[in-house]
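The letters A, B and C name the chains in turn, as written, and every chain counts its residues from 1.
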Amino acid sequence: MIVFEEFEAKTGGRLDTLDITDEVRDTVTASGVRRRSVLVFSPHTTCCVIISTPGARMYEVLQQTMDAIAPDGDYYAHDDLDIRTENLVEDEPANAPAHIVHAFMGKTSECIPIIDGAAALGDGQRVLFVELDSSRPRRYCIQVLGE
Amino acid sequence: MIVFEEFEAKTGGRLDTLDITDEVRDTVTASGVRRRSVLVFSPHTTCCVIISTPGARMYEVLQQTMDAIAPDGDYYAHDDLDIRTENLVEDEPANAPAHIVHAFMGKTSECIPIIDGAAALGDGQRVLFVELDSSRPRRYCIQVLGE
Amino acid sequence: MIVFEEFEAKTGGRLDTLDITDEVRDTVTASGVRRRSVLVFSPHTTCCVIISTPGARMYEVLQQTMDAIAPDGDYYAHDDLDIRTENLVEDEPANAPAHIVHAFMGKTSECIPIIDGAAALGDGQRVLFVELDSSRPRRYCIQVLGE
């Protein structure tokens, strides 16, 4: 049994964190799968999937750390369109910090065991979909595998 | 064929690293599965799974880097109970650095191919379960999938 | 259906990034699998798998960030063979920065859903195999699971 669902949402800006745990749990329940695993996947280069604790304080510490690793005001050759000629898209945004943080924080996929018909998340674990760039429409994928 | 095993252990403190490679190998062998994959999963928000090289020197470099990214003495709004009102638990520990490092280092899951009845780890690769908070009882999950 | 392929390549030096997306796509197509998932796995402790955007500018920002977190000139006990006695190999290289960055950036595995016979990568997503140490022969594994 394979169930694949794609969800759409508009993120609210950099480090906006969507708690998609309910979508994960509901997709598992609706599938009727009793055991195996569920895969959560981000089809974007500047969003990531994290299994962690949400909340405004978490936002602050992530912001603080992102500022330390990839400060917004710094010079990034990635964003210097005078010298950059590769992989350009129209209206190329200045988003080097998003790419840096994605490389460091970024998991594109997380896999969770399914036990007795439910995702085996521990106490306090929530599945988060994190925007690393600016507000925009995004998609995230939930795939249930099992029997 | 699906085999799910949960192990319990008490970690020795921040950055204590349990080498759980033998548990992974033994669970694969006991399952009789010849091929597909094994999923290693942490059901905690401040522990992570890393496939890397263990050893006291590795501990030191991780400690050094953690100190650079999330120093213990810093002010973290996450840990300021005068202003924080979300997600509080009894005896809330001051563990913002653990959450920050989890977001950066943290993989909750790793998936390893099984070839010819064994996890296909490369030379020197060990499966590590890393404590990012303080010493406490923990669990880790090993799920073998295959035929 | 399980198809497991192992590829060999010589990397060009630290932060050399091999774009292995075509190998992933070709392995999925050749397998005939229409749906389920493909696992990309690095059997090395100082290489990692990242799903991101390649390019020379990305290399620069990663280099800049790696320099901030684990500067080459720093003292690392991991590399001090006067005091280190664990896990030594012949001609032990001075590669503590590679291990540090692996712990932070490093995913050993990424899992991608297969939909309608193709890996469901989003716009701009490429599968990258990143060298964190120096130039050497390496292997990477692609495992297709499905029906």
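As a working rule, contacts are C-beta pairs under 8 Å (C-beta built on N, C-alpha and C of every residue); 3 or more make two chains touch, one makes a residue touch a chain.
None of the values given here were measured: they were computed from a predicted structure.
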Contact graph of the chains (line, ring, star, complete, other): complete
One copy, chain A, sits on the other, chain C, after a C-alpha rotation whose size in degrees, in steps of 5, is 120
Interface of copies chain A and chain B: same or different residues on the two sides (over or under half shared)? different
Chain centres from averaged Cα atoms put chain A and chain B apart, in whole Å, by 20
Expected list for chain B, residues touching two or more other chains, is 69, 104, 107, 111
In the complex, the residues of chain A that touch chain C are 2, 4, 39, 41-45, 69-70, 76-79, 84, 86-87, 89, 96, 99-100, 102-104, 106-109, 111, 139, 141, 143, 145
Given the complex, residues on chain A that touch chain B span 35-37, 50-58, 60-62, 64-65, 68-69, 104-105, 107, 110-113, 115, 120-125, 146-147
